[in-house]
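You will see chain A twice below: alongside chain B first, and alongside chain C after that.
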Partner chain A sequence: MSRPPGMTGVVEAAAPTRARQVVAALTRDRLGLLGLVLIALLVLTALFGPWLAPFPEQGAGLADVARHDLPPGGAHWLGTDPLGRDVLSRIILGARPALVVPILVVALAVLIGVPLGLAAGYRGGRFDEIVMRIADMFLAFPPLLLAMVIVALLGPSLLHAALALAVSWWPWYARLVRGLTAALRDRPFVEGARALGLRPFTVLSRHVLPNAAPPVIVQASVDIGTVILAVGSLAFLGLGPQPPTPDWGLMVAEGRTYVMTEWWLSAFPGLAIFLAVLGFNLLGDALRDVLDPRSVTR
Partner chain B sequence: MTPGAMPRFLLRRAGTALLVMLGTTFVTFLLARVVPANPAVSYLGPKARPDEIARIEAQLGLDQPLPYQYGRYLWDLLRGDWGTSIGTKLPVTDEMFGRLPATLELLLIAMLLACLIGVALGVVAAARQNRFLDHLIRLLAIGGVSVPAFWLGLLLQVFVFGGLGLFELTGRLDPDLEFTDPLREITGFHLVDALLTGHLTALSDAAAHLVLPALTLAAYPIGVIARMTRASMLEILAADHIRAARAYGLRERIVHWRIALRGALPPTTTVAGLTLAYSLTGTFFVEVVFNWPGLGLFASTALLNMDYPVIMGITLFGAAGYVLVNLIVDLVQARLDPRVRLS
Partner chain C sequence: MILDVQDLLVRFPGVTAVDGVSLSVAENECFALVGESGCGKTTLARTVLGLQRPDGGTVAIAGTPLAGLRGRALRRLRAQVQIVFQNPYAALNPRMTAGRLVDEPLRLAHPDAGRDDRRRRAEELFDAVGLTGTHRSRYPHELSGGQCQRVAIARALAVGPRLLVLDEPTSALDVSVQAQILNLLDRLRRTRGLSYLLISHDLAVVRHLADRVGVMRAGRLVEQGPSAQLLDAPQHPYTKALLDAMPGRGRAALLADTIEAS
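And then the complex of A and B:
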């Protein structure tokens, strides 16, 4: 190692070992593997949706009234809706926003929450107090309620739903990272880095953050599933994308009117949400068993 | 536990909860008065006349400095003046308290179902650790926390009511009953009122209406409770007193359901309480799907129609309920588990 001491980050619990543990555990754990398969399916559908959909124009919203309300079967595997649009195509085209939007929401929540948590945990004192009390105020609302209200105030759209969810999600990361940072702050390697006269930013980014990252990564990967469910829920209430967007939650809501006779209109888009969320939860469950066998829920 | 430790702990937790509640009023104040371009218009709806706007501006004190407005807002909340619904023209507090029993009845029955089913699944899974049934229950539990409530509700409507003809589709009571043999409202909880007045038809009808929405709402807590029960059962089954019980020759059924479960219940109770708080939002979706005349249905209608006073009222009310349930969970946990430090 040619770099001067104190300039390299000390990552405890040797990262390669942990990575190997994770891979080993996932291949041993069949449910975790099932989760990976579901996520892979979702990613592939999101990437290649426009080429996979049997009726791409209809999927995007073009009506074909001649073939309306067909039950599943024939050319339309999952049936058609009252406007004659192919349900399967709409589900396939809905995969991209269903995956990308939650990833952006979690990324934004991480970008807000992690720096605040790092600073609060490291500096302590008044700053810590203020940040965490603000976080507490956000966490005092039942999950999703704050996001629903913000979307209603801004006006329903997918962008507003995403922003509202990010705004109500960051406190979780702030709280998680603050706890990890406060625990790491007095560890010898961090104290050493400080004693060398490194600036707080350098200490945090080189020495604290790498050690706080694994739990954050696990949490973020589970949260993508939770946010898929949250976006779908907002869309179902009408607080998300508007027709004729091929959105899963919106499709469930639109099909509700006809659900007793044309069950496929709501059943299949809802199944898509369920399988996507299930994939992330199965994966997260397997990861948690490896990284922290004691915790069951957040 | 030293004498006096519990009341002091209780007081401190209650004090924190009050502070957090104060914080939530600050958030709702910002959302109600500072975020919208014209709060008076948002309070009256888009069709407000200029004289009405002037009146509400004076009433809300919108020309005053913000700290003064916040003080007024808090004072009005304390006095019980939470505004008037744009949709129904009735006081928000009346609307909320009128609908509260419907939501609570649904929530409590769902939690009862969730505790029974969740604990049973958890005990069975622990008894069959790493065998097929254990894996199946784990998948079921993760499925329960992954399933969108609004979708599960629709599926139950289509396949259980539509397909099997079981239970009831929507609402709380058969509407015909109101004309033939009305149920007298005492508590607002239909099951309780039917029992109190000895109205057996209404009792079975209300129960039949409750099954599908309660099952839908219970899916998430069932998953969480089953997992927690399994985890704590496994921990306890490894303990010495269990080995002793087995050495005495007690049957496995007794060891699991009588002895081990007793030790596994405290953490399970905590988790059940936390998911109860979580399920507050779940009622929104279940009530919409099942047309259940509670707070959630009222709130989601208000959200779409921009019924501002109702939105703000429900938000604050929901936060209060959430903070309260979490406080109770903390206290119960401290009571049940002496290892919880009272500091």
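And then the complex of A and C:
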């Protein structure tokens, strides 16, 4: 699992960006728009899956052995699996965990990493050293391996996989935010805020964090895509959700045995993963351009 | 004395930034620090603001030593001394409007004041620095350099300081705007009884604002005295060399004219 290089540049005197301006700018960027569309499709599928799926009860795991191993076509657009379950229905029902789990993982990582990074970058000194060395220790483990160890200890389940990934993900945010904070700390407007007599918490939350946020938002968007892959990998290894849960990574794994004869079992869930990851990566790249004030033309 | 600095010592790894400096600023006085870049002026200013801990000596604000103060007591004393930075754009949070930038310190200084009360105070401050209500909703990048500097001054004044540290307050501005800001600073000193610790490279600015001048070199205060006397008849050879090298000699008359006119 490779990560894009972390962005360390401090955002220059950022113009205030309103959500509407960001969305407007995103829709002007064709690839960003494609990312938005893919994510919107994913969100809609996750929300309305049970109503969209042609065979919702099969999607949830009900077998119909008589209609097993049908190729794509007819009533089953994407074919059926060896238990006769509709592949399309299972992909549609798999959208919810595929979306919720990575968002949960990244949110948890941000929740742990950002405050630690803010505190470390602002206070400096020994506290900074300790936090960053702990972060280094976590980073020294390959994230998937760390997640595997944690899941092996706690037992395989989607929740444990999410927890495990969040634990291995927070140091990236701590590190990113620490760098941004350390650079912002010496800026006149932050020193001025301290000189006013504002409490450190207020200085951080009102003056430092809003100016450090854009790179974090970009990173989070790209990371959601990466975590979708990681969750898929864990599921593929049998360390995530267990059958008969409709999970994309698990479906790829289940179809592996039949991949030479029944390619649709693995190919379509794989395609779903691909499109979801692509959506978040494109959105992340577009956000990077939109939120980086150096590239803002106004 | 509103500010009393005794034998101040600030060390950074490898350098002694401030090396045994003693100076004081009286009520309603403007004391100017001049010296080349890296001579320790800014470090001295940051120490006075309580942003830098001294390694020796004392800083007292209105008779209360900064040393040993922590938390709430330190924050309260800090309100007595505020700073106006050189680059007004860098001095304002780019994500806050002028109105919010001034409201924030007002909340701090008057925690019990209601919204209407704070609004009235903000209007008074905007008026005092020569801005109008239309500027309140603007972000710093929508304001000119001079307007930003006025917002920065209003923000500093909002907590009711007695001493303003002016760190090259006009050197990032156009000449015509410089004169306006100098006028404003002059007026604020008179009307509000403020004291100034001015840091400047610009002789014209020093001559216009300062009552007394101190010359810093390599962390030490080599000479200090009344500004007219020191600027016209410097005693220390370094002061002579520095004054010859400083900008603003010929401009002093020009700036004075602009100030008269405006």
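As a convention for this text, the second predicted complex is superposed on the first by the 261 of 298 C-alpha atoms of A that agree within 3 Å, B and C clash if a C-alpha of one lies under 4 Å from a C-alpha of the other, contacts with A are read in each partner's own complex, and residues count from 1 in each chain.
We adopt the following convention: a contact is a pair of C-beta atoms (placed from the backbone, for glycine too) under 8 Å apart; a residue touches a chain by one contact, two chains touch by 3 or more.
Quick caveat, the model's predicted, so the values are computed rather than measured.
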Which superposed partner A:L237 touches (first chain B, second chain C, both, neither): first
Touched partner set for A:P188, first chain B, second chain C, both or neither: second
Chain C versus chain B, contacts on chain A by residue: B
Which superposed partner A:D136 touches (first chain B, second chain C, both, neither): first
Chain B versus chain C as contact partner of A:Q219, first or second or both or neither: neither
Partner chain in contact with A:L282 - chain B first, chain C second, else both or neither: first
Which of chain B and chain C A:G197 touches, first, second, both or neither: second
Which superposed partner A:Q58 touches (first chain B, second chain C, both, neither): neither
Which of chain B and chain C A:S89 touches, first, second, both or neither: neither
First (chain B), second (chain C), both or neither touched by A:P210: second
Contact footprint of chain C on chain A as seen in their complex: 13-16, 187-189, 191-199, 206-207, 210-211
Complex interface listing, chain B residues touching chain A: 20-21, 23-24, 26-27, 31, 35-36, 135, 138-139, 142-143, 145-151, 154-155, 157-158, 162, 224, 227-228, 231, 271, 274, 277-278, 280-281, 284-285, 288-289, 300, 303-304, 306, 311, 315, 318-319, 321-323
Of chain A, residues touching chain B in the complex: 30-31, 133, 136-138, 140-146, 148-153, 156, 225, 229, 232-233, 236-239, 249, 252-253, 256, 259-260, 263, 266-267, 270-271, 273-274, 277-278, 281-282, 285, 294, 296-297
Touch list for chain C against partner chain A, complex: 46, 49-51, 74-76, 78-79, 81-83, 85-87, 89-96, 104-105, 108, 139-141, 152, 155-156, 159
